[in-house]
Amino acid sequence: QTDTLKTTTENKPLPIKIDKKWYDNIGIRGYTQVRYNRLLETNENLGCEQCDRSWGKDGGFFLRRMRVILYGQISKQVYFYIQPDLASSASSERLHFAQLRDAYFDIGLDKDNEYRIRIGQSKIPYGFENMQSSQNRIPLDRNDALNSAVANERDLGVFFYWAPKKYRELFSELVKSGLKGSGDYGIVGFGAFNGQAANNPEANNDPHVVARVTYPFKVKNQIIEAGIQGYTGQYVLSKANLSTGVLNANEDLNYLDQRIAASFILYPKPFGFQTEYNIGKGPEFNPTTSTIENSSLEGGYAQIMYKLDFKEQTLIPFTRYQYYDGGKKHERDARSYKVNDLEIGLEWQPLKNFELVANYTISKRRYEDFLKPVNLQEGNLLRLQAQLNF
Amino acid sequence: QTDTLKTTTENKPLPIKIDKKWYDNIGIRGYTQVRYNRLLETNENLGCEQCDRSWGKDGGFFLRRMRVILYGQISKQVYFYIQPDLASSASSERLHFAQLRDAYFDIGLDKDNEYRIRIGQSKIPYGFENMQSSQNRIPLDRNDALNSAVANERDLGVFFYWAPKKYRELFSELVKSGLKGSGDYGIVGFGAFNGQAANNPEANNDPHVVARVTYPFKVKNQIIEAGIQGYTGQYVLSKANLSTGVLNANEDLNYLDQRIAASFILYPKPFGFQTEYNIGKGPEFNPTTSTIENSSLEGGYAQIMYKLDFKEQTLIPFTRYQYYDGGKKHERDARSYKVNDLEIGLEWQPLKNFELVANYTISKRRYEDFLKPVNLQEGNLLRLQAQLNF
Amino acid sequence: QTDTLKTTTENKPLPIKIDKKWYDNIGIRGYTQVRYNRLLETNENLGCEQCDRSWGKDGGFFLRRMRVILYGQISKQVYFYIQPDLASSASSERLHFAQLRDAYFDIGLDKDNEYRIRIGQSKIPYGFENMQSSQNRIPLDRNDALNSAVANERDLGVFFYWAPKKYRELFSELVKSGLKGSGDYGIVGFGAFNGQAANNPEANNDPHVVARVTYPFKVKNQIIEAGIQGYTGQYVLSKANLSTGVLNANEDLNYLDQRIAASFILYPKPFGFQTEYNIGKGPEFNPTTSTIENSSLEGGYAQIMYKLDFKEQTLIPFTRYQYYDGGKKHERDARSYKVNDLEIGLEWQPLKNFELVANYTISKRRYEDFLKPVNLQEGNLLRLQAQLNF
């Protein structure tokens, strides 16, 4: 199993044979995000569970993500992708354990893998920002509106993706070129999955189903992508997440969980614009009756950014406004939310493998559960993040 | 630390020096198993804790194993093998954490490493199917009878293995050639280990001891392997696994735990036959008295399979019958079992790194503990597994 | 992305272009420690929580560390280091999960990275033995006196390190040559960190701060290093670690936590001497009043060792005496300690990647909390460790 480099004393081309080694088939890469959220803080009671747990009172330095990715096109039609996060909590007091995010493999149905079956735990094709890696996203956290659909964006199931070769190359190029693409989840994608979100066991007999169509295209020098997507299923509230005293509407804790979303992206060449919106239904805590009801939800965001390359550095100033009105099924008592946040920030890549983000957040968040049935928090804070890419 | 490739303008052989790099000493490989057990299900109350937790009611897509292996012969007499499973549970509701299966190193006592000391967490040499990797096993799960000896097949200890060079090569070939070998646990192996199974702390002052002899030999075109093995020790029931109300026979929860097993394998060239049987003693819940007693146990299995290679694909139809009557010390209240299962299935390798297994199971299982003192479940189900090898 | 090795039929030097691959930037290494502590044991009630949990009654084979390190100088000024331990506990009964130790990156501020900013979870620059890797340390465990400052030696924060190039090379050489150096934490280092120790969330609004100066220098054939260091902050006791019944002095569980230490090392060429001592203040359980008070603490150790190289083996006999009088803030009720331990041992490296340590410990330890308010244990034991380096 060693490279063989043979030569002769005659003037002939060297016959060279290099066996494929494991490291030619399998690659390792990853990224790390370290944060500090306490500068210019005006309200220490303002929190954002979906963002990170180090906002406000008693927060400090925080390791938001520590990802290591093992991946490879190990044969013509077989690709795999395994991504543990090494900053996961085994419980609220035991941090930084390794827990899976992705663990899937793609089986190509044709030579160019234009038709693929994806098996395992992977991102649910719902929303552009959800698909986009946190390594590439400009704001520090995903928007509440679409990200509340699937905690950690992932679930276990079987999916089908289709994209012609030239679109697969475009999806790939949109990431590599620094344009902050979503990666390749097909022009058309659909699938079935457990529906309880990544790393949770299925809790009923019915899988969720999802479908998505997205279409990137070039207009002169610009690249535009537009997409629609939707999913439906029965979500089962976790008993461990229910406060004693909640009066449950549904005896078996099953709630209708369905959403539809539209996405529009103008990639930053150099000016970019991005917006998504979704509407749907899901469980939501009702503070006046102390029950959890099936309620309507809606929300989205709009973001503008400008990509400035100079020397070997990149600067991306951006601003994002987001809105969400609805429940969050993954949180305590399907917590009721109303969010109005404005963010103004800057991503700076001073060195090849290193990024800094400063994000000034003007936030107004109502989030209410049985323990805190009246809870409107307003405040501003400066958020900082250092990111390493390896 | 860079490769040096030197050349001259003269017609001399190239002097080439390639330093050993980390990736020449250390390799990475692994495999993933994704399952779905709900098709053709006739009894949603039929479960199999030792198989996987996604049988029956509320089951869905399931990640059974997600293994990454780091290994290498790092010097002439030193080999190491580290295998975390990334689909382990930190608790019943927190899935997909990384937890060790193997973490051992072999110190060779001679040039050819025919005599080896193994130190660390590794498989206990008890049973052929237990030694065989799940990556290679044809049925979806190990048989209850022998696998109930050691949960996860592993423990922490010190072992000695001996096999002459040509048998070491044979053990290796039996895996590489797709004949579903067990790997090399020596012709003769013995050792001492904690006895509480992998990833559990020792709970008394006495180690378990184990010994095994196995002998593979060729008869014309066929390869046959026959082995015997046994272990003995004191197993301590886990308090966390005891239902309140159980009347314990043993005050300190120590129970005699000893077994002896015989194995016979005719490797599939192309027709294969495999059988194992074990008898012994161990703790077992007695539903009539609500006590846990030291009881006799016995059971085994017989399996036939046929290996069909065509083009670059492989098909292996198989059937297995298994029987077990005894307690399972690792489960709640040392649960009492009586198992009669018939499986008919097919392993298909359509692509180099990808396998599919369909396993129709006709099952009759009595499994009783303090919470369910009368519990006989019968039913059929079709089990599906997609496996990736990388 | 493949190596290109081109040649011509003419007598010209080969034009060779080798692209940088992921494995040229990223390396993997690690080590494993397996222990057994029960030989020649005279008191089965003598334990040492900070050492390992397999001392005394019900102890057995024990996997103390299973480290895998991913690291690399990925660009001129960016270095990263990620080290999970695969033998971490998710709870007392669930062993061998992967949990981070280190996860940091260094950003060099100049060409030679003499000035570096370190971001992430890393060792707090307090104490020589704390900085020294367990892979290199001669005694089996760190001394109680300085190691009780920071559990697992690490925390999350931002640090600055400075060392001129030739000292960076010296720090590196002291490790590579087998002289058991500490690695490069600068001649001068300082930083801010959460203060609740690695893998614990911050629990108040104030970071800890630390500063350290260390200076290695050559005197004839000998190498000497001398250092001083100190830190201060408010430590918050963990509620989960408090016994019901403890009368707390401080309502918010915040306690002053500050220490200063001196270090002196004569590297073993071949005779070595090493000593460290620290004094400070921290929370400590008072058994007479059942309260936790801010108390003085002090202690240190002195160690002599002799490095004997012969053929390709190394033998290092050593002895260490250690003393500590004070509380341990990370343990139950800020347990009160008085430690007098003498160790006599031998490290033997019979093969390139393999080490054995035998450590005879004569121990006198008083350790008292609310559950055991009177607890003085004396005893001797022989401790064995097998270590693999890969």
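Chains here go by letter, A, B and C, matching the order in which they are written, and residues are numbered from 1 within each.
Keep in mind that, in the parts below, a contact is a pair of C-beta atoms (placed from the backbone, for glycine too) under 8 Å apart; a residue touches a chain by one contact, two chains touch by 3 or more.
The structure presented is a predicted model; accordingly, all values stated were derived computationally and were not measured.
Chemist: Going by the stated contact rule, which chains contact subunit A and subunit B alike?
Modeler: Touching subunit A and subunit B alike, sorted by label: C.
Chemist: Tell me whether subunit B and subunit C, two copies of the same sequence, contact each other through the same residue numbers or different ones, using over half shared as the line for same.
Modeler: Result for this pair: different.
Chemist: I'd like to verify one number: the distance from the centre of subunit B to the centre of subunit C, where each centre is the average of its C-alpha atoms, in whole angstrom.
Modeler: 36
Chemist: Of all residues in subunit B, which are in touch with two or more distinct other chains?
Modeler: 5, 11, 14, 23, 84, 90-91, 97-98
Chemist: Could you please specify the touching residues of subunit A with respect to subunit C in the complex?
Modeler: Against subunit C, subunit A makes touches at 5, 11-14, 16, 18, 23-24, 27-30, 32, 34, 38, 44, 53-54, 57-63, 66, 68, 84, 86-87, 90-98, 351-354, 386, 388, 390.
Chemist: Provide the residue numbers of subunit A that touch subunit B in the complex, in ascending order.
Modeler: Subunit A residues touching subunit B: 2-3, 5, 7-11, 14, 21-23, 25-26, 70, 72, 74-75, 77-78, 80, 82, 84, 88, 90-91, 97-100, 103, 105, 107, 119-121, 156-158, 193-194, 198-205, 207, 238, 240.
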